[in-house]
Amino acid sequence: MELFWLLGIPLAGGVFLALWGCRRNAPEINALFSFLTLAVASLLTARIVESGPMVVGDGWFFIDSFNVFLVALTALVAFTTALFSRPYMRIEQEHGRLNAARLRLYHASYQIFIGAMLLALTTNNMGILWVAMEAATLATVLLVSLYRTPASLEAAWKYFILCGVGIALALFGTILLYFAAEKVLGPGGTALLWTHLNGVKAQLEPTVLSLAFVFLLVGYGTKVGLAPLHSWLPDAHAEGPTPVSAVLSGLLLNVALYAVMRSKVLVDGALGTDMAGSLMMGFGLLSVVLAAFLIKRQTDVKRMFAYSSIEHMGLITFAFGMGGAVANFAGLLHMTMHSLTKSAIFFAVGHATQKAGTQLMDDIRGLIRTNPTLGWGLMLGTIAILGVPPFGVFASEFLIITTAMHEHPWATPFLLLALGVAFAAIFGKVQPMVFGETGLPRLPHQPAQTPVFLHLGLVLMLGLFIPPYLAAWYRQAAHLLGG
Amino acid sequence: MMALAFHLQVVNLLAALLLLISFAMLSQRRVVGLVTLFAWQGAALAVSTAIVAGTTGQYHLYYSAALTFGLKVIAMPWYFYRLVRKLDVNRVVEPLINIPTTMLIGILLVIFAFNLALPISEMSGTVTRSTLGIAIACVLLAFLMMITRTKAIPQVIGFLSMENGLFFAATSATYGMPLVVELGVALDVLVGVFVLGIFIFQIRETFDSLDLKHMEKLKEK
Amino acid sequence: MSTGILLQAAQTLLAILLAPLLMGWVNQCRAWLQGRSAPSIVQPYRALRKLFHKDAVLAHDASPLFRFAPYMVFASMALAAGIVPTLANDLPFSPAADVIALVGIFALARVFLALAAMDIGTAFGTLGARREMLVSFLAEPALLMVFFTASLISQSTALPVIVATLAHKAFAIHPSLAFAAVAFWMISLAENARIPVDNPTTHLELTMIHEAMVLEYSARHLALIEWATAVKLFTYSALGIALFVPWGIAAQGDVAALPLALAAMVAKLAAGGAALSLLEAVSAKVRLFRVPEFLGTAFLLAVLGMLIHFLLEA
């Protein structure tokens, strides 16, 4: 029942906001719908924690502790982003960068996007998963090009074409999966249900499945932002409105990785080798290293943090690739930390760029003077994402690296090097932005601080202390991933 | 070798035709020609799906065939024709790589696709399994077309033609995906084309051209 | 055996003698399609007779090769006409060459013609030879690919076997053969210097290929070359018919089937000639730098045909 509401609310929200248009309190209504989604997601989470995995709606939906954790995370970040976008988009409108019609598009697409992601997370059908992923892409294409500047149009076009190609490869992977499944489960709708597939995974044809996994990994991997198909990601993040960057980075990448993980579980079962894991480790490591070195060369603040997202998604992919209870646990933890921290950073960066009127880091200076809370928010967020203790990112990165040392010592130097490079580059660039000299006046609007500090507070808390029930929950989810 | 029933021979012929159309698209310089070829590709796909549906008793394939026909033979080409006329972009455009070279690369892709398909089709139990290689080849050729084109509409048509290839792959390997999935995919494609229509107008408004060469600002320095 | 030799001689002679008639038929059809009053169908014969009665003029610098080449070209074409089955299959000459050697015979004629064109050292001759070589360099591999596709189906490169296999088995759609047929058609256009690759009726220096090579020839030499050209067209048509629509051809030693075979052949040739003239009437000559593209497409089709054979029909 919760599930019905979980998917129904964003959908209804999208339709309603499309009709409601640009009247005065559309942003508040957007936030309200997101809050309702969050409330339902919490109820659902409580239910799953209490009574274990469940299959709903004739087997069409399946919820276990792995995806319910992502559902909760998605609903939370969606809600805080909606809170953040409320003042942010108002200011954009005042600056004349957006008009009422585009704001209507923004609000409606936002809800549809959240709905599509939640559908992708909760569906049991690998085909519907694909459909929902594609729907999520389509919902965001027009959001990336919301400003209609040449650069944003280019970014959106790249986003559409590259992700379109990627997702087409994933469709082929899905077809192959169905092909293998049909032999065991018989034709018809049930052969793509993940729970059914999971039950018979040992009987699935290994060659077909390994081929399917390659396509699925490359396909969904494009959306995760794995190198070498990552080039849409920095553009889309830099040119879209900041709330969109926040949800892309914080949520969409996770959902795409979720799709890869669901496939990996099946393939591991069918193959009995670690082929899938090795592939993921390879792509992950490549992304981490490549992104770290590209971070150094960035001048645009949103672009830089977009590369940082590639780096962290690579790290998470690497962790899941290693497999095993600890690595999966660390991967899940890092997923949470990254989502929360990165969206908090984008919130802070959004206000900072809005104030400075530019995204070039050289032109943003002295945030600590013009708006102390914002300055501290950005600084703390940066410190958190760089993995400085006591923030939670440290804990998860530490776990990942120690596991890597233990199981794949050859990879550790690369990881450490990349993390070091990224640390030096990001810290060196953010520091003057926060503490540098500036002549700018204070900000007229009070920015939305709650989301930033709420996220950072959560990250800090999880770094210091993971509540036992949460840890148990993570462990359970890690186990589902083959721990 | 002679055991193939007549309708299967027709399916094979249509498959060969699909491949031929893919190549023709690669070599087509005009946008309108491209749209026409795309419509023909859709038609070949719809007919072959309908034949497979009729001969194997997979009646849900009739819906897919009808869907393909409605969307890809009537609605989308009509929309593209309108777009091309409205935007007046039907000129001869040289692709990025010259056409004979593209063709040679295309042949290599076909060989690769056939090799890729061989082990899979051997495992398949469908009567149409041998066409799987052609389906994969169509996907790869469409991919190649997307790479070699610098204009917005040809890239989109390449994307859609890739979808055609995937659809054909699903039909030949497994008699199509479950109906719900197919409907979902069709819906996505429809929405995608709609979004792109808006998008193409935006590009046109901003750049005063549909040439994607204007869109090369965002590069790593 | 003796009927075989008799038949062989008859077939070869028939091909050589009928060739100008085919040329005349094509020209006539084209004239009709273009709305001109058509020349007589026997016009090529008259032209040949006229040329044979003239005195030959040779350039000062012409070497013996120049004089020798027309005979060589004509002989090659006559040999090819003898090998390709037109009326009856599996005649005594057939084992002399399989399809690959047939390509070689055509190449031999071409090499002599090109050498002769360059021999006298005029600009046009060299230009024509160069263009001819460009066309043939692209057309030959494509032609071989077509033959390979056809021989894959019948498991043999010998023409009689290919023809017999295709003529006598149950009807089946061969997508590969359809591809090969289109490719063959395109190659024939190029090899026979027809539109869209070359225009047989023009002497425009910028565009001509074949005519540029024979510009210095006169009288009986020119007559032989023109005749050889006609035989070449005839042979290519017969080859196309034998490979792709062989129905009606008489089997070995089946004398009773000969009248029917003759009728079938004439009908098919007439239809082919009409189609050729129709194509020439509706299409324009492509610019020279587009010719590689045209032939590249033919090559592509032939290769695709072969690949599709492996995938769908093997």
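Every chain is named by a letter (A, B and C) in the order it is written, and numbering of its residues begins at 1.
In this text, contacts are C-beta pairs under 8 Å (C-beta built on N, C-alpha and C of every residue); 3 or more make two chains touch, one makes a residue touch a chain.
Computed from a prediction, not measured in an experiment: that's the story for all the values here.
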Innermost chain by mean C-alpha position: B
Most widely separated chain from chain C, with each centre as the mean of CA atoms: A
Most contacted chain pair (by C-beta pair count): A-B
Separation of mean Cα positions, chain B and chain A [Å, integer]: 31
Separation of chain B from chain C, taking each centre as the mean of its C-alpha atoms, in whole Å: 37
Rounded Å distance, chain A centre to chain C centre (Cα mean): 66
Of all residues in chain A, the ones touching two or more other chains: none
Chain B - residues contacting chain A, complex: 58, 116, 119-120, 123-125, 136, 139, 143, 146, 152, 155, 159, 162-163, 166, 169-170, 173-175, 177-181, 184-185, 187-188, 191-192, 195-196, 198-199, 202-203, 205-207, 212, 214-218, 220-221
Of all residues in chain A, those that touch chain B in their complex: 125, 127-128, 130-131, 134-135, 138, 141-142, 145, 148-151, 153-158, 160-161, 164-165, 168, 171-172, 174-176, 178-179, 182-183, 187-189, 191-192, 205, 207-208, 211, 235, 238-239, 294, 297, 299
Residue ranges of chain C in contact with chain B within the complex: 169-170, 172-173, 175-176, 178-179, 292-293, 296-297, 300-301, 303-304, 307-308, 310-314
Complex interface listing, chain B residues touching chain C: 1-2, 4, 6, 9-10, 12-13, 15-17, 19-20, 23, 27, 99-100, 103-104, 106-107, 110-111, 114, 117, 130-131, 133-134
